[in-house]
Amino acid sequence: MTEKLSRRDFLKLTAAGAGATAVLTGCGPASRYVVRSPYAEMPEYTYNGQSTFYATTCRECPAGCGIVVRTHQGRALKIEGNPSHPVNLGKTCSRGQAALQGLYNPDRVEAPQALAAGDRQEIDWDRAIRVVREALIGNRPEEIAFLLGPSPDHLYDLVSEIMRSLGGPAPLCYGTQALFEARATLVQATAQVLNRTALPFCDLGGSDVAFSFGANFLETWLSPLAYGRGFARMRRGQVGRRGFLVQFEPRLSQTGAAADEWIAVAPGTEGLVALALGRLVAEARGGLVPAAYREVDVATAAEASGVPEGTLTRLAGIFANAEHPLAVPGGAALGHVNGLEAARAVLTLNALAGNLGQPGGVFLTPVPNVHPDSRRGPDTLVEINALIGRMRSGQVKALFVHGINPAFELPAALGFTAALENVPQIISFASFPDETALLADYIFPDHTPLESWGYQKVRTGSDRAALSGAQPVVVPFHNTRATVDVLLAAIQAAGGDLAAGVPYSDEVDFLQQSLLTLVQEAGNIAAPEIRTFMTQFQQYGGWWAAEAGLDAPSTPAPLERPLRLIEPEFAGEGEFHLHVYPSPILGDGAGANRPWLQETPDPMTTVMWNTWVEINPETADELGLEDNDVVRVASDFGAIEAPVYRYPAIRRDTIAIPFGQGHTALGRYADGRGANPVALLGLKLTGAGDLAFAATRVRLEKTGRTSILARLESRIGVYGEGLE
Amino acid sequence: MEEHKTLLALFEDLDPTAAAIERLRKLGIPDDQMNVISGIPVTEAMLGRPRQWSNVPRLALGGSLGGFLVGAFLAFGAPLLYPIHVGGQALIPIPPSIVVLFELTMLGMLVSTFIGVFLDSYFPSYRPKEYLPEISDGKIGILFQCPQQKQAQIVLALKKLGAESVAPAEARQL
Amino acid sequence: MLQRLKLLERLQNLARRPIFWIVTGLFTILLAAGVGSGIRSMQAPPPQPLDFNHQVHVGLGIQCLYCHPGAWRQAAAGLPTTAKCWGCHQQMANTKPAQQVLVAYAMAGESIPWVPVFIQPDFVYFNHRPHIAAGLNCENCHGEISRQTVAQPIPRQNMGWCLDCHRGRAAGDEQMLARLTDCATCHR
Amino acid sequence: MAATAKPIAPATHEEHAESRQHLMLDPRPRGEMNAMVMESMHTTSWKFWGIAFLLGIVVLVCLFLAWGYMISEGLGVAGVNRPAYWGIFLVNTVFWIGISHAGTFVSALLRVFKAEFRRPFTRAAELMTTFGLIQAGLSIFMHMGRVWLSYWLAPYPNARGLWPNFHSPLAWDFLAINTYLLASTMYLFLPLIPDLAMARDRSTGWRKVVYRVLALGFRGTEGEWAHLRTAMNIFAFAILPVMFSVHTIVAWDFAAASRPGWSSTIFGPYFVVGALHSGVAAVAMVLVVVRGTMKNMKYFIRAEHFDAIGKLMLVISMGWAYFFFNDYLVQWYGGDHWTHTLLAWHESGPLAWIWGLMLVCNVAVPWFLLWNRKIRSRPGWMFVIGLLINVGMWCERYVIIPISLTINRMPFTWQSYRPGIEIVLGIGTLAFFILLYMLASRLVPLVPVWEVQEGQMAHSLRKFGRKTVVSVSELE
Amino acid sequence: MSNPLEEVGHKWGMVIDQDLCTGCQACVTACAMENNIAFVGEQDAAYGRSLQWIRVERFWEGEFPEVKSTPFQPVLCQQCGQAPCEPVCPVYASVHSENQQINIQVYNRCVGTRYCANNCPYQARVFNWRDYREPGPLDNALNPDVTVRRRGIMEKCTFCVQRIVQGEDTARAEGRQMADGEVVPACAQACPTEAIVFGRLDDPDSLVSRLKRDGRAVQLLEELGTQPSVTYLKGGSSYGRNG
């Protein structure tokens, strides 16, 4: 017997109602004839005027945080952290908070669409499933390609299974977010140093001195909320000892701003600094300098990195004297041609500190026992490039895209968009009309995460093995369908060996079968059989091990191998290093269509709604650049234009541009806003085969135009403009 | 009772007017049966007339008292009707109350003064009255009631004193 | 010129003619009727999809809370679902027009689009629970619904109306008065 | 003594020729003056109607349409922002209230002190008070975010059980401005009654009807005059403190706020003097226009009047400079960090030119020009100086409101103010003021003839040895 | 035992540890989502018209390469005990809640004089310069417990008073006292480092009361005597390994 306002009435009540009523405040309510339709039959768990909370997983980035969504009469109202979820313990970030604006975004793909004669037409799902079926069985298996996002989720596991069953190539998973985190490089370095193909977990909370080499772990890196919690624990200190954080990076990031010291190292020399520090630490400790550091020359490192030797010695002293020192590799430090070596150098520093598997040290996160045969890390640019090569040469007949927007995210130099033209059938599962979806022949929109079932493996960030669970918190808002269901329906329609190899009736069935392996494991859920397990899985928002515990790396004596760093190399010509970083607010650009993310100020520059070019004020003075002057940033691979932000904390030889804006699609809030810096990136690779995204040089040209950046901060009050 | 007639005598100057009034009085017309109409404020003293009584000052005083009371209600009474605390200030703060009291006292005084003029002068009244437009051109008129039998005598006397005209006053639409 | 001079007099003459007063009177009546109907529409019971007879139902001994169970534990009292109505009505002969309407809704499985009678502006956050908890009866605010057929609104149920009662209940208790007259109690 | 003051001596007499420069010593028969004033009201060229029409269009577009647009769109179309929450609307409000002070000042204060030069232009000044206050009221309503609820400011029993908050200077403002508007309108009307009666006696047609209604049946009996005189005396004394209170309360709106640069105890008198500064300058401008455009006004408004107003302007300018310096010195000497930042922002910020213009127009211009009697006596000069002073005073309010609001104690929020639709609406109020004044000049005798005649009667020449001097007698 | 049903009046307060604040803006977005704050678009945002109730301030110290940003400072309505914004409102739209000891803005009473915003030394108030309506279906996520504001209305942080009132009502309904941390505003709830702590200042044992007694506790513009309910923990961010 619930009063359920229809959506139209809700509009009336809220937006107009509050307004119109206020006019007639003295005269009585203006919304006199609002009609309220109570339910014909009361749905379960729904009470009059009371909110219902559903636990699910935030899918705005690959970290896999648990969230609880407040729903009210069938509408999702607010996202809150899941307090018992081991990744985020009840906390949320901006992007998670704004996920509702994805669900209720006015620019969603509302129904399956087909491109016919250059026109987009809505089709029904039956036809969509026929199209998918044809694409799956009408092509040879090696002519089918799946390009998925970086999240280790159930879709990846299912597609892996399908492709295995078909005998085709494994799905590729990639994303700019993973690229800027240098995931692939880090995973490979971990494999080399710590002997496991996994992401390391740095126990910031247990350390008292942490040196971060480019890892922007408070913004986007790996698991910002987990690291944020670690940072807080470190700052609160163990026994009255406040943790000390030093950040090595050419441009002061938000993490650097929260750190106690920021060392502006020259781009590409972070690894060199790590090596020099290692040697100095070893020397400070006394005794023999390990083999790893014997070839290191501190003076050369100081010269190349621009960090005075005295500073290095001082920092090495702090590191050496710390009880629980920790070195964190990540981000742009690994985005150079020597990125893999840099990552190894930093990880080796931990070995030197002796913190591997110790509190305040480096751990490896156990992975829940679900589809253990799935791959562990994201693919590298080399593999993406190979796919593009196959596409270009017409070897790919059907391309399925989900969870990634390659036309926007991949460096323009790769030529993905051009290669698409040689693919006869492109099927996008995007929920939003993004750049890739608009180039696709079909858009079969998936539900947005809050309408979806699923699970996501927690790669890092939690203190135990964890599988984050997702369930719909509201009924699908539009005529969308879960991609897993579409694939399964197509496979069932295809029948034959394929259907036999992928024996799931629908998404929930797939989930239940996948989770079967967990029923017996000791975890938060004690259920004898899968149905009960599933209920509790939904209730808790996932499964996680009963006991906290991370794996200690088994190291094959990393200190015994001499560490060498190749000279950094840079793509293209220009007087500036280009430092592209993912916007802490917009992430990989998928957040650009959430108006509130657009209006949430960037933490460091407080800019909203736009892209900017950060440049050292002294350099700007030399070039005659003022704030808001639009400059043309050109590399050998492309050029973009954006207004200048005179950023006090960036090296003079570096300019920085946030990634996330510059969409040419994705709806009204993203389209035509800002510029996309991936257009500038050259194609140097790291030792791990991933893109060396920080190794591009660019040139600046004044355009003579100005464009006012919307910033929250006052240029008068913060920079004294007009007051001198 | 004798028959009375209302006459209006017009004069050019102040002096003859004053003399005429003196003369009328001597002829037995009491002050309360005379009135002077002029285009400028001719004071009673100039013409040797008894001082006019005005209620305006009293009304102003009463009005200011009324205004003060309204102000006192707003300043001291209204906050008690729905006590709302703001900014850590007292519910009834003294300095702002003084401002309220002052403004409403003055408002009461000025409004009642204005109304006082209306009351005392019987404004507005659009009934026909004894009047000549020449008065607003600077002439001074004496409006008086005289017994029928004395009329000729008085007219003659006034003419002698310089009256431009002495004629039975006709009530006319102003 | 002279004619013009007599404008006032002509106005006065006009005022003496009956047609003037008839026209003026009609105009005034129309105006008043407009204003009156406007106000009435604010206070009159809105048309409902079916003329639910409260008197009969209460007379049968059905408690208010049976159909509006939200009142004792949450903000909204709630309206009954079609299923709840049908629970009883399927066992009887539904012959009256209103019952026929109910049958139609129940057969179609649709919800009945009730028009709420007691509504507050959107910036007023009324909560039934504390009112019931404070020992108030439904009739205190909703009037003699048990003697009405279709529910009737109470005129001038405005902020002063609420405050009067709140003040009365908190008489002599400073803390309670502070709570019951706090702006945030109703406005957020 | 004559009811119609007569020339003291033939005009040809050389000794008295000079004294006839004074209006009070150049009497004309009342009838003639009446005719002159009536003629000045009725002589209307096509140019007048052309200008009035244009102004009407400006008022319609710039005031009513623009305001309607702003009401429907919200204040976003104006330039107000955080932290400059108050912008040109309040600049205009203060400005117009300042203008409105002139009427009361000239009329009441000079009446109280029996400054005889006031006589011919008290009405012109009082009209400015009323019309200026209307613009001030409009401006303050424009400023409000939800103007349609502005009646909540009025104290009246209501269903919500709520009364206005008299802790708020804005509530005082509401009372004070309303009191002042009512009082000044009544004060305009009372001395107008005899002149309306005069006009009634001399007009025909619809005007006759209007005047008959407005003159309330006034004949000029002893009683009527006595009540009127008493009331005018009460008004002259009582309206002065009201006038002072109005602008002081406006100043308190700022001074009571805890903001750097605003929190100043001297703001009350400083604002009052500032108001007189702009007000008297505006009177000078209006008189120049009235004298130049209306028939027969050269007789009533003479060089002596401009001379006197010029002296007043000079004195007030000095007073303004004194208060400004006082305020500045204390802020400069004892101010905290924020106050010093604010002063630097005034003096060397991007809008420092406004601050400079304020000082030039308010101080330098009057001080360098008004000491000169020849300049004071020339209407053209007086118009320009009056205009500059008004520009200067507008700048002063602009400096105090939006420019000062940029600087607060939270430097992270400092933002400059860029006017938007306020400019259009400001032009609208100016046009509305001029339009109202123009229309009033056709309906209301701009010169209080009876006051002039009364003055002329009271003035006489007396010989002290060889020198002939003016003497004034007290008629009351 | 006192009857918890009759228990009224809490003094709510907040402590923000600037040493823990990472400037991540989660509080800003969370606040917007909870309180139906409208977004204003680029142009108005550039002109100081954004409607965030909480903002994270940061300044710069020093010159490159020794440059550092000052510790992030989230600034929200300080819920002053003696609030300068309250007495200046002519219509009692900005009033002190006796019950919650916070400063509340009654939106439906506001006539938009913006005096309160001028008088707020913390510049914590924002004004609806336009009707920033959220286009459908975005408005599905509007919180029904918070009034949707229209143009011409001043608004500001309320300490999520809707949650406080609801929490109090729930506790009263269940006949118990409120537990520490039972009610938190959206910002504190989201804050990844728990730099924002919320609770009852009238309870000496609550976390917020204990943190407030910390030696690092300061209040913004203390010299003005506004008695804010928000306390900042400063310091500890220089070298200070033993901060």
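Order as written gives the chain letters A, B, C, D and E; numbering starts at 1 within each chain.
By definition in this document, a residue touches a chain if its C-beta (ideal position, glycine included) is under 8 Å from a C-beta of that chain, and two chains touch if they have at least 3 such contacts.
Predicted model only: the values in this text are computed from it and were never measured.
Under the contact definition, chain A and chain E share the contacting chains C, D.
Within the contact network of the assembly, the step distance from chain A to chain B comes to 2.
Each chain gets a centre from its C-alpha atoms; the one nearest the centre of all protein C-alpha atoms is E. Ranking all chains by how far their C-alpha centres lie from the centre of chain D, first place goes to A.
Counting C-beta pairs in contact across B-D and across A-C gives the higher total for B-D. When every chain is reduced to the mean of its CA atoms, the largest separation from chain B belongs to A. Distance from the chain A centre to the chain D centre is 66 Å, each centre being the mean of its Cα atoms. Chain C and chain E, compared by their mean Cα positions, are separated by 37 Å. Between chain D and chain E the centroid-to-centroid distance comes to 46 Å (mean Cα coordinates, whole Å). Within chain E, residues 48, 55, 57, 59, 84, 86-89, 92, 95, 98, 107-109, 131, 147-148, 151 each touch two or more of the remaining chains. Residue positions of chain C with contacts to 2 or more other chains are 8, 121-123, 158, 163, 183.
Counting partners per residue, chain B has 82, 84, 86-87, 89, 126 as the residues that reach two or more other chains.
Note for the complex: chain D touches chain E at residues 73-77, 80-86, 143-147, 149-150, 152-153, 162, 164-165, 167-171, 174, 253, 256-259, 405, 408-413, 415, 418.
Contact residues on chain C toward chain E in their complex (touch as defined above): 73, 121-123, 125, 127, 129-130, 133, 175-176, 178-179, 182-185, 187-188. On chain B, the positions that touch chain D within their shared complex are 11-15, 17, 35-44, 46, 49, 52, 54-57, 60, 74-75, 78-79, 81-82, 84, 86-87, 89, 93, 96-97, 99-100, 102-104, 106-107, 109-111, 113-114, 116-118, 120-127, 129, 131, 133, 135-140, 143, 174.
Within the complex formed with chain A, the chain D residues making contact are 146, 148-149, 158-160, 341, 344-345, 348-350, 406, 410-416. Residues 7, 10-11, 14-15, 17-19, 22, 25, 72, 75-81, 88, 90-98, 100-101, 103-106, 208-209, 218-219, 224-225, 228-229, 231-232, 235-236, 240-242, 244, 252, 254-255, 257-258, 260, 262, 264, 318, 477, 584-585, 595-601, 603-604, 606, 608-610, 616-618, 648-652, 673, 708-714, 718-719 of chain A are the ones touching chain E in the complex.
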